[in-house]
Each structure stands twice: as structure tokens, then as C-alpha cells.
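Structures for review follow.
Here subunit A shows up in two complexes: once beside subunit B, once beside subunit C.
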Partner chain A sequence: MAHITINGKVVKAHEGEMLLAVIKRLGIDVPALCNHEAIEPTGNCRLCMVEITRPEWEGWKKNVTSCLYPVEDGLIVNTHTPELLEIRKTLLDLQLARCPNSELIQKMAEEYGVHETSYIANVEGDNCIMCYACTRICEVLGKSAISAVMRGQKKVIAPPFGEEPVDCIGCLACAQICPTDVIPYEDKDGIRTIWKKKFELVTCKNCGKTIVTRDFADYLIEQRRIPHEYFETCDDCKRLELAKKMGGLITKAAEVAV
Partner chain B sequence: MHIDTPKKLEQWRRDCRKRQDSLKKKILVCLGPGCLANGSDKILDEFKKVLKDKKAKDVSLEAVKKTGCHGFCAQGPMVVIEPGGIFYAKVKKSNVAEIIEKTLEKGEIIDKLLYSDPDNGHKYTDYKEIPFYRHQVRISLRNCGQIDPDNIEDYIARGGYAGLAKVLTDLRPKEVIETIKKSGLRGRGGGGFPTGRKWESCAQIEAPIRYVICNGDEGDPGAFMDRCIMEGDPHSVLEGMIICAYAVGSREGYIYVREEYPLAVINLQKAIETAREYGFLGEKILGSDLSFDIRISRGGGAFVCGESSALMKSVAGEVGEPRAKYIRSVQKGLHDQPTVLNNVETFATVPVIIDKGADWFVSIGTPKSTGTKAFSLAGKIRNTGLIEIPMGMTLREIIYNIGGGIPDGREFKAVQTGGPSGGCLPADKLDLPVDFDTLTKAGSMMGSGGMIIMDDRTCPVEVARYFLEFLVHESCGKCVPCREGLLQLYKYCTKITRGEATEADLALMERLSKTIVTASLCGLGQSGPNPFLSTVQYFRDEYLAHIRDRKCPGGVCRELIQYVINDKCTGCMACLSVCPVGAISGEKKKLHVIDQDKCDACGSCHDVCTFAAIDIK
Partner chain C sequence: MKYRFEIIPSLCIGCRTCELACAFSHAKDKKPGRSRIYPLAYAPDKYVPVVCLQCDDPACVKSCMFNALKRNEETGAIDLDEERCVKCMACVAACPFGCAMVDAGHDEIVKCDICKGNPACVQFCPTKALVYNKV
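Moving on to the complex of A and B:
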């Protein structure tokens, strides 16, 4: 266990865990757009920057991204210095210039007093904030079917060569983790379309509801050793079955009790 | 031949020197980038052809050597004849027969091919007396222009691999690190981090494997120092890396070279193969316990891949994007193993420090920036080329004594150092000594050594806009302040050059720059606003002239200038015929007039006028 000081309060934290996790645990409001517990931090959005120092640094301080800075015993952290507030405000202002139509960005910028971007807004921009959450979750799933390609302003999230991604299994993790909801997909007539690739959908044998894509089910059965019966029914029907069983048990228990 | 003991190396060195001395005369043809572009390869072929056909006295075919960059690019293609350092400038293929006949056979000097000082017409025979060369001290460039990069014997004869032999026989790894620390050598890639300390940190970490990487990704526009070393003296880079491998305990090294430097890749590859053949690379180097090999990793030319963590990702086959370096590369670098990454020039300097000692190196330069630094002079300067100077020389000495000052009688306005993320320094900073700390304090930086000189017809706003455009294009796009912030700075700079910006915009740019500097993930973003910040610091009046008066004092920004014909016009009709939009009217031998409504401010008329009759207002 390490002891660190956050905004004047001494708290306990695990050596090596990232500062942002501790800050979040304490309920301190530090914004972050690219951080997610399921994926490795990369520090793209820079919003979670905090000021750190140590007694032996003799007054020297530096700003670091808390999502990437590991806890060290004796660290003194400040999360809301005027400089940090200015940085966050400017960053959100810049994001708003990039994605003027994103509701999430509008809301977050609003919280920092930015009602309208101070910069030259990108009129034709989409709402992708380049946080890489989608590519990182795809990597975690062991597929890396999409990645950030090109560089600078031309950087986009795309499958290799802009073609149908060979490795995509249509699991939707990318679309679901996306903080600004910019990855489109469609489930229609037993077919899912994402990244221009079409997938056969597996449906529940009881109710007919969509479960996962055939490719995703096969991947989980083969690679993650999940029994294939798991994909015969949907979550709701599984719950119902469980409830029936449990209900039976309870009735039995009640009978025994009587 | 396999050299398996340091003793054999010395024996071989004596043989090499003997063979070199047996050549009574040497003809060195520069095949550096500048000369090559001017056809120096054809001159080399011509020398070989003529000498093959005719048996010249005292001159054998082996006497003709191709070399790497000799430095004085403005005077290329150049040919140097040794002994005597006879320097022939702007040589043409048609001069070759005459050079052989007169200079090589009869020992006569061909006057018309000598370099003459444009100020006083003085002609120099020996290049070492030319002011451009006289003020230089060459350490990392010691062999550039002197040896055939493909011929290891040339390198050996000039003391090559002596540093390595010394390390393997006399010094323990710790002592090598101590020597480099004592020499005060700092990273020549621009960061200026003490090399010895970097090696020491890496050596101290327990790990199964350590890597040594040479950064040859030189991406600054106008910089070509590393390129010339890799092309002209590849073995010095290898030797530096092998010494480093011994010091830190590494078995595997990489040289990261940009794909745009094909000749550097070829010459390095050849040098690596030769070094393996002779036993300088591979198992049991020179019979010692050291085993080390080097591979070349070619980059696609992204500027950001010069950044250490992006470079390592690129070497590993991933997308070249920087990571946060709270854990440093010496701890977790390539494949998460301890890695030493140094620049080409740094590695090329190491063997000499080992050979001549740390005290010798410390005696050159300033106390905090020891030794020398290579620079490439480009832009509005007479003597464009590759130079190496002791640290602490002033910008004025570099630009006027070595560089020969500004051509066409124009005035000096600014010098841009440190590449795109460096800054512009004005005339009143000319007496600043060039070293790591002084340039940073003045708002620029040493960078890898590109130096672009600008004359009074340069607009600082346009310069900032140009470099910002480069950075916007080259930002990896990962983090927000760099990707979005630099784009906004570029957009506002463009607004200023068009006369559309307000003073509030300028204030916004300055505030935004602060956030970009503090919040960016890597060095590219952190130094990205420098082109704007340094120009606005030193040329604020010109920014304000664009904003308040809609004038461009440098006469560059097209939307803000007018071309006007004055009464010096002789009515020669030259401008009238080149004007692409037909904005000039007038008759022969009568004053011409430019119709401002039609004029596109392209400047063609100004360029073509020989009577200084067109003013820029």
C-alpha cells in the first residue's frame, strides 16, 4: 500500500495502479474521454491531467496524465489548479471545434464554461474524437480488425485498406465502447452490417431475438472454450429458464418446510 | 579476411596505410547529395574512363575515389586532389581531361576552377584555407569527403575501429561509460541529454536483453547532417554503436533510417556486411567476449518517427505513435526491454572520444556543451553546405565567417534553428553562442542542426505558417492538443497572412500555445508552437502590421502587397510579357503601369525586371 496526497487529503492506494483510478474512487470530478476500465490507457484526450510533486522536488511540479501515471508512495497530487482548469477548458474547446455536433462534447465543454467554440469550427467534421477506445477494445478481444490509419488531421479509424475488415467478427464492442456513438451498424433481416461487412446473426431458439453474430459465436466457442449451447438461447430466455428452475427449487423448499 | 585480435587490426592498419601511401596522388570526387544532384557521378565516371584509356604518370585508376559529402555544397560538384587539398569548384565533365593533364600530370593549378572569394576575388588552392573550411573543427564529419564509404581500408587507414580495439583491450564497460560521462557528450539529435548518463541508466537495469538503436530518421526540412554521415562514413556509426553495446551489455542493435535516404540505406548495409566479414560485428568481436550485430530498420518517412518512443514502435512493426514516457526508454524501450537510443552524429563522435580521451573532447566547446556540432546551412546564405563547429561559436561567426553572409546584397533578418519545432532568432541575437542551453533560453533550440537563414524579404508570419503547416501534416494525430491545437494555430496564421485576423485572434493564439506546450504527449506537440511563439516574440511589430495595417513588411504575403512600377522603368516590356494575368500595360520605351485590380501579386514581373523598377508596397 502506498500513501499519496490528493488535494490535501492523504489516501491509501495500490502501488502501480494509475492515479486516475484513485481519483475516480474518491469521487473527484476529473474528466476523461479516452479512459475505460476494459482497455489499456493511452493518454489521447489529455483531459485527466493532474499536477504532481514530491517533498524532495523542492517546489518543482509537473503536469501528467493521471490515466498513465502510476501511484508512487509520497506523491502529492492536485487535480484542480488554475492551470489545469485552463488546459481542460482549452482541450474541450478544441474538441468542440472538431466535433461541434457531438452532444457529449457540447455537454462536457458546457461544464467548463464553453458554450460555443472559441476556435474555427470544423463544419464538415464527424463526431469521432480519436480516443482509440474502439481499436483498443478490438485489440483486447484479440482481433485488431480496425486501427487508426494515416496521421494528423487525416487520421481515421478504419479497417485495413478501407476494405471489409477480414478479422472483424461483428461483436459490436467498438460501437458500444465509442463515447460519441459514431460507429454505425445495422441489424436487419437476420444480417448485421458493420464496417461494410455483413454477418449472419444467431437467434434465440425460443424467442427469436438476436444473440450474437455467427462469427463471434464461433470465435468464442473455438478460442475461449465457451460451450456452444450457450449461444442457443438469448440472455432473457436464459434468465427465464433459470427463474423456472429456481422457482421449482423454492417451491420444493417450501414443500419441505411445510 | 577475419580480424580476430586487436594486434591483427593494427597490422592491417599499417598495411592499409602503406597501400594508401603508394598512391602518389588521389582524386576525391564528392558524391554527396548536393554534388550528386549536379551530376558528380558523371564526373567520376569520366575520370575513370579517361584514366583507363590513357596511362597517366603517377596516377593509377585506384587514385580516383568517390567520397561522401565534402561540405561546401554551394560550390559543387567539387573535386579535391591530394596531396595539397587542391580544391576545384563547380567542375564540369568537360574539365576532367584538363585536370588530369595539367594538375595530375604536370602539377599545374587550373586557376579558373579554383574557388574565389566573392568579396575580394582572392583565389584559394588548398581548401583548408578557404574561410568556409578554416573556421570548422570536424569530429563527427572527420571522414566525410575524405574516404570512399564503400572501402573499409580507407576507414581503417584513418584510424577506424581503433576506439573499439581500445575499449575491448583496455577498458571495462563501466570505464567506457565513465569516459563518455566525463567527456560531457550530449545527444546530438537535439534533446541534448547526457549520453553517458543514458548509457549508465540502461546498463544498471536487470534485463535478459538490451537494445542499441541509432536514430537516422532526420526529418527536419533543410537538415542533412546525419544523412551525410550515414552516406559518407557509415563505419563510424557502426563503431560507435558497437562501443555502446559493449558498455551497456547489448547483443542486438538497429539503425532506423528513413526510406527517403536510399543511398544511406545502401551504404550502411554494405558497411554492416563488410564489418561482419572482418569480424567487427557478429560473434566474438576482435576475439573478445563481445557479440553484437546490427540490422537496418527502414522508416516510411513520418517526421514523428524521429521521436524515440514512436521510433521504437515503428521498429517493432507497429504504427509509429509516441507513448507517454513516464517510464523511460532506457528502462522499457524496444519490445519493453532497456534500450539506448542515440542519434547518428552522437554515435559517430563516440569512437573519437574513446580514441583521443575525454579530456581532449572537453577542451573543445563550452563547459556545458562540450565538443562540436554539425549543422547544415541552408536558405539565403552564400555558402550553403555541411559544417561542423566547436560549441559556443556565435551565430554571427557561423553565418558570416563560415557561411559567407547573405547573398545578393540583402540584409539578414532571421535564422531558424532546430527544424520545424525550433524557432527564429532575429539580428540582435546573432552574437549568441550556439550551444544547447543558450538557444533554448532564447526561444529556439539546437535541434538536430538544421540552420535556415532568412533575408529581409522574408515574412516571419509566413515562416511560422509554413512550419505549422508542416507540423499539422506530420503530427501523428494521437493527442488532442497537438492534432487540433496546431491545426488552429495554422488556421489563424493563415488568417493573419491574408489580413483577416484581429488582435483578439493573436491573443487567443498565444493562450492556446501555452496549452499545446504543456498538454501535448510528445516532443513534437510540446515544441510545436515554437515557430509561432518565437516569431511573435521577436517580430511582433510585423504581426501587428499584418493585422492593423494590412501590410506585409517582408513583401511576401500576396493578399497584402502591391507591385508598383517606379520611374526607373525603361519600357523594356519584359514584365509585360511574363505577366500571367495581363495586368501590365505600356508601350516600348515608355513607363509601364500595373492594373492593381487585375494583378495577382505573383511577383513574376519583379523577378524578371533588371532595372529595379518594380517596388513591393
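Moving on to the complex of A and C:
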């Protein structure tokens, strides 16, 4: 256990956990866009910056991304200094220029007093903030089907050569994790389309409900050794099956008792 | 594991009080959550309360590529870490008993967490078909 001071209050935290986790736990409102527990932090969006210092630093301070800064005993953290507010404002102003159509960015910028970007708005942009959450989660999954391509202003997240990503299994993790919801997908008539690739959805053999793609199910069956029968029916039908199976046992037990 | 969750189907009358208790105890943003327990009929007027069995070798845990599901040693439940969950639905598809579900209202995956050691369904079950005991 480490003791750190956040905004004047001494709190307990686990040595080594990231400052942002502690800040969130305390309910302090520090914006963060690119952070997710399932992926390694990379500090791409810079919004989660906080000021840190220590008594022995003799007044010296520095601003760090809290999602990347591990807790150390005795750390003194401030989350809302005028300088930090200014930094976040500038960052959100820039994000708003990049993603003028993103409702999330608009809302966050609004909270920091940016009603309109002071830079040139990229109206035709796609709302991607280049946080790499999608590529990072795909990597965790063991696929790395998408990545950043091109450089500078032209940089985008895309499958290799802009073609259907060979390694993609249509699990949707990228679309789900995207903070600004810019990865489009569609589930229609038993087919999922994402990254322009089409996937067959596993259809419940009883009721026709679909949950995951055939490729994702096969990946789980192979990687995690899950029996393939588990994927044949949907959750609703499986609950009913369980009730019937247990019911059967009860009936049998009752017969035996008689 | 210090406690065991028991289901005694012969005592269940299908009143669905457990469903209500579950939905309300998992309310968020002033909205009830999706119930994690369902008394389902296997014959006319005969019910089995279907709820996560917290398996010894859980398919949901195996299926989660992001380690969002873990055994809580205190309660014995498999807990879902919402912060880690990316809603890929692997667990929903993989659970052989259909006990990992989608709560569409809150846009999240849900499963029984034994209410962190104080199960609401057990407290409200009028016939004591649900029991949570120390082992």
C-alpha cells in the first residue's frame, strides 16, 4: 500500500497501479479518451495529464499522463491546476478541429469552454482521434488485423493495403472500444460486415438468434479449447435447455423415490 | 471459496420475485438492470431458477480474450470486470448455460455476481428455493 496526496487529500493506493485508476476510483473528473483496462496504456490522447510533485523536489513540479504514471508512495498529485485546465482546453480544441462532428468530443470540449475550434475544422474528417485503442485491442486478441497506415496528416487506421483484412475474425472489439465510435459495422441477415469484410454469424439452431461470427467462435474453440457444441445455441435457448435438463433430473429422482 | 449458492428447484413456485430483486439490485442510472436469474418452466407449473452456476472450469473465463472474467475467492462468483470488458460477446456465446447475457438497456454484458456476497434473490425468495450458505 502506498499513500499519495490527491488534491490535498491523502489516499491509499496500490504501489504500481496507474494514477488514473486511483483518480477514477475517487470519482475525480479527469478526461481520458485512449485508456481502457483491457489494453496497455500508451498515453496517446494526453487528456489525462495531472501535475505531480514530491516534498523533496523543493517546489519542482511536472505534468504527466496519469494513465501511464505508476503510483509511488509520497506522491503529491493535483488534477485541476490552471495550467492543466489550459492544456486540456488546447488539446480538446485540437481534437475538435480534427473531429468536429464527434458528439463526444463536442461535449468534452464544451465542458472546457471550447464551443468552436480555434483551428481549421476538418469537416470531412472521420472523427478518429488516433488513439490506437482499436489496434491495441486487436493485438491483445492476437490478431493485429488493422494498423495505422500512411504518415502525418494522411495517417489512418486501416487494414493492410486497404483490402479486406485477412486476419480479422469480426469480433467487433475494435468497434466496441473506439471512444468516438467511428468504426462502422453492420449485422444483417446473418452476415456481419466490418472493415468491408463479410462474416457469417453463428445462428442458433433453435431460434435463429445470432451472437458472434463463425470465425470468432472457431478462434475461441481452437485457442481456448471450448467445446464447439456450446456455440450451437443462443443464450436464451441454453437457459431453457438447462431448466429442462434439471427438470428431467428432478422428475427422475421423484420417480426413483416412489 | 467460503460460501455456496444453492438452488432447490422443488421449492420454486415460479413467482419471479428473484428476477425483480435481481433487476433492482443491479439498477444503474435510475434504471433496473437485466435480471441475471430466471425461473423457467420445465413442465406445467414446475420451475427451475436458472442462474449462473459459477462453474469450476468456466467456459466464460476461458472465452474472454481480455481477462475480464475472474473468480472472486471471497464469494466464489465469477466476476465481470466492466472496465476490462469490451463487449465482444465471447462469453455470451460460450457459456453452455446461457448465463452471460446482454443488458441492452445499459449496453453491457451481465452475469450473476452473487451480489458481491449478499445475494438479493436469496433474501427475497419466499419459499427458500435459493440458499446461500457458508461451507
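Methods note: the second predicted complex is superposed on the first by the 236 of 258 C-alpha atoms of A that agree within 3 Å, B and C clash if a C-alpha of one lies under 4 Å from a C-alpha of the other, contacts with A are read in each partner's own complex, and residues count from 1 in each chain.
Definition applied: a contact is a pair of C-beta atoms (placed from the backbone, for glycine too) under 8 Å apart; a residue touches a chain by one contact, two chains touch by 3 or more.
Here the structure is a predicted model, which is why all the values come from computation and not from measurement.
Peer 1: Contact-wise, after the overlay, does A:Tyr230 reach subunit B, subunit C, both or neither (first, second, both, neither)?
Peer 2: Only subunit C is touched by A:Tyr230; subunit B is not.
Peer 1: Please work out whether A:Gln95 is in contact with subunit B alone, subunit C alone, both, or neither, and reply first, second, both or neither.
Peer 2: first
Peer 1: Touch check for A:Ile76: first (subunit B), second (subunit C), both, or neither?
Peer 2: Neither partner.
Peer 1: Output check: A:Val182 vs subunit B and subunit C. Expected answer is one of first, second, both, neither. What do you get?
Peer 2: Neither subunit B nor subunit C is touched by A:Val182.
Peer 1: Which partner does A:Thr42 reach: the first (subunit B), the second (subunit C), both, or neither?
Peer 2: A:Thr42 contacts subunit B only, not subunit C.
Peer 1: Scan A:Leu141 for contacts with subunit B and subunit C and give back first, second, both or neither.
Peer 2: Once the two structures are laid over each other on A, A:Leu141 reaches subunit C alone.
Peer 1: Taking the superposition as given, does A:Ser118 touch the first partner, subunit B, the second, subunit C, both, or neither?
Peer 2: Only subunit B; A:Ser118 stays clear of subunit C.
Peer 1: Which holds for A:Gly248: it touches subunit B only (first), subunit C only (second), both, or neither?
Peer 2: second
Peer 1: Can you list the residues of subunit A that meet both subunit B and subunit C?
Peer 2: None.
Peer 1: Which stretch or stretches of subunit C touch subunit A in the complex?
Peer 2: 9-10, 38, 40-43, 46-48, 50, 59, 62-63, 65-68, 81, 83-90, 92-101
Peer 1: Given the complex with subunit B, which residues does subunit A contribute to the contact?
Peer 2: Contact set of subunit A toward subunit B: 42-46, 49, 63-65, 68-70, 83, 86-87, 90-91, 94-95, 97-98, 118-120, 129-130, 132, 147-148, 150-155.
Peer 1: Quick check on the complex: what are the subunit B residues that touch subunit A?
Peer 2: Listed in rising order, the residues of subunit B that touch subunit A are 302, 304, 319, 321, 323-324, 326, 472-481, 483-485, 487-488, 491-492, 508, 511-512, 514-515, 518-521.
Peer 1: Within their complex, state which residues of subunit A touch subunit C.
Peer 2: Those residues of subunit A that touch subunit C are 36-38, 137, 140-142, 171-173, 176-177, 202, 211-212, 216-217, 220, 224-227, 229-231, 233-244, 246-248, 250-251.
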